[in-house]
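By letter and in written order, the chains are A, B, C and D; residue numbering begins at 1 in each of them.
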Amino acid sequence: MKALYFAWVRERIGKGEEQLSPPSHVGTVGELIGWLSGRGDNYAYAFENASTIRAALDRTHARHDAPIAGVREVAFFPPMTGG
Amino acid sequence: MKALYFAWVRERIGKGEEQLSPPSHVGTVGELIGWLSGRGDNYAYAFENASTIRAALDRTHARHDAPIAGVREVAFFPPMTGG
Amino acid sequence: MRRIAVTADVFDAAHETQALQGGRTDVGAVVTFVGYCRDEAGTLTALELEHFPGMAEAELERIAIEAERRWPLLGLSMIHRHGLIRPGEPIVLVATASRHRAAAFAAAEFLMDFMKTDAPFWKREHRDGSAADPRSAEAWVEAKPTDDAAKARW
Amino acid sequence: MRRIAVTADVFDAAHETQALQGGRTDVGAVVTFVGYCRDEAGTLTALELEHFPGMAEAELERIAIEAERRWPLLGLSMIHRHGLIRPGEPIVLVATASRHRAAAFAAAEFLMDFMKTDAPFWKREHRDGSAADPRSAEAWVEAKPTDDAAKARW
């Protein structure tokens, strides 16, 4: 699974994208955030207020309870501030 | 007092402006409409649905109960349809 | 900046919008509305706009001042044409500039709603079918109850 | 006509509006919104817009399709810039064409409200005072609760 990070999520993690291979018990967006947060201080910092983090699965907005099975690309980013 | 007529009020009366000298008992816009309606079939036709007729006194919208004392110019016209 | 114009000439909407924002760095939002003459599926050949000279400008200015009182505007334009207007041509323009979009949108709708009901303009339709008597009374456009309802929102 | 664009280039608002109405005789109303970069009383030197390529265009299209479902539109344009934007430059444009003004106004506001909250763009401010570290995390613009409230209207 490809992961993309944007804005300050990208800056805190320290990279814009990477390949992820989460264990099989990680079934939802929220669980993926929890798993990532345990991978290091940079991830923990990026996801410290997990409820504010937005996610997209294959370029469609997704809630934290959305399943990630079969997803090719997941993206994490702060609330959007365009327009 | 100068009177101006616009749109189908003008067409029904048959002129765009004229000088009026209403008698002293004609004190309001509504009374002026009543007095004009008695001046001929063209006026009666123009004002047949008096409540739909709009008026302006010295270029400011006025209700039918507005007094006309001291007014230099009165205008009568249908509801507006610009924009 | 407040620009009010009543004119027989076609206006350039882009020029009017540019005049509101051009070169400024405090304007965050510009909303422009342009109303055009439709041909009503080919049945309308022109609109003829009669107006009350003098009062038309004064009324637009009264409406503009009220909008400036209600919203923090950095500029506004109101242009209304009169005379013969062909399908596809612009009839009316309203443009508002503000720091934020909510004020610019609200003020533009307010200006249009009040312009429709309070500015002394009257539309007559020229249609192919009524060519024999294009100045018949039936050709005057009737005021719409929806326009009064739109004004009553404010 | 539906035009969606995500671009680093300055766009020409007049050209976009013209594309919606030019030559047509069924369009009665065009509403154009342009959002500009403000200098915040001289303290902001530029905005930097990060975006999610691919998803940004897809999300604008989803929002556009929802607007077309809700209102009888004859055309719409949505343009959003990314990259470095200087005060006075346009950031975003939304334009809607319809027979009547109510639909054009409502759809334009809807498009802006959803673009603000759903399109994957993030603003970072470049300020004179933070020149030593222009890429500091503090420079990211925070999402406004008023934007969520504006979206919730619909």
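Operating definition for what follows: a residue touches a chain if its C-beta (ideal position, glycine included) is under 8 Å from a C-beta of that chain, and two chains touch if they have at least 3 such contacts.
What you are looking at is a predicted structure, and each value in this text was computed from that prediction instead of being measured.
K.L.:
Identify the chains in contact with subunit B as well as subunit D, in label order.
P.N.:
Chains in contact with subunit B as well as subunit D: C.
K.L.:
Report, in whole Å, the distance between the mean C-alpha point of subunit A and the mean C-alpha point of subunit D.
P.N.:
Whole-Å distance between the two chain centres: 26.
K.L.:
Distance between subunit A and subunit C based on Cα centroids, please, to the nearest Å.
P.N.:
That gives a centre separation of 49 Å.
K.L.:
Return the distance between the CA-based centres of subunit A and subunit B, expressed in whole Å.
P.N.:
Taking the mean C-alpha position of each chain, the two centres sit 72 Å apart.
K.L.:
Would you give the residues of subunit C that are in contact with at least 2 other chains, written as numbers and ranges?
P.N.:
Within subunit C, the residues that touch at least two other chains are 35, 112.
K.L.:
If we use the touch criterion from the header, which chain pairs count as touching?
P.N.:
A-D, B-C, C-D
K.L.:
So in the complex, the part of subunit A that touches subunit D is made up of which residues?
P.N.:
4, 6-8, 11-12, 56, 59-61, 75, 77-83
K.L.:
What residues on subunit D touch subunit C, complex-wise?
P.N.:
Interface residues on subunit D, with respect to subunit C: 13-14, 17-18, 21, 23-39, 41, 87-88, 99, 101-102, 104-105, 108-109, 112, 146, 150.
K.L.:
So in the complex, the part of subunit C that touches subunit B is made up of which residues?
P.N.:
35, 49-52, 54-55, 58-59, 80, 91-92, 112, 115-124, 135, 137, 140-143, 147
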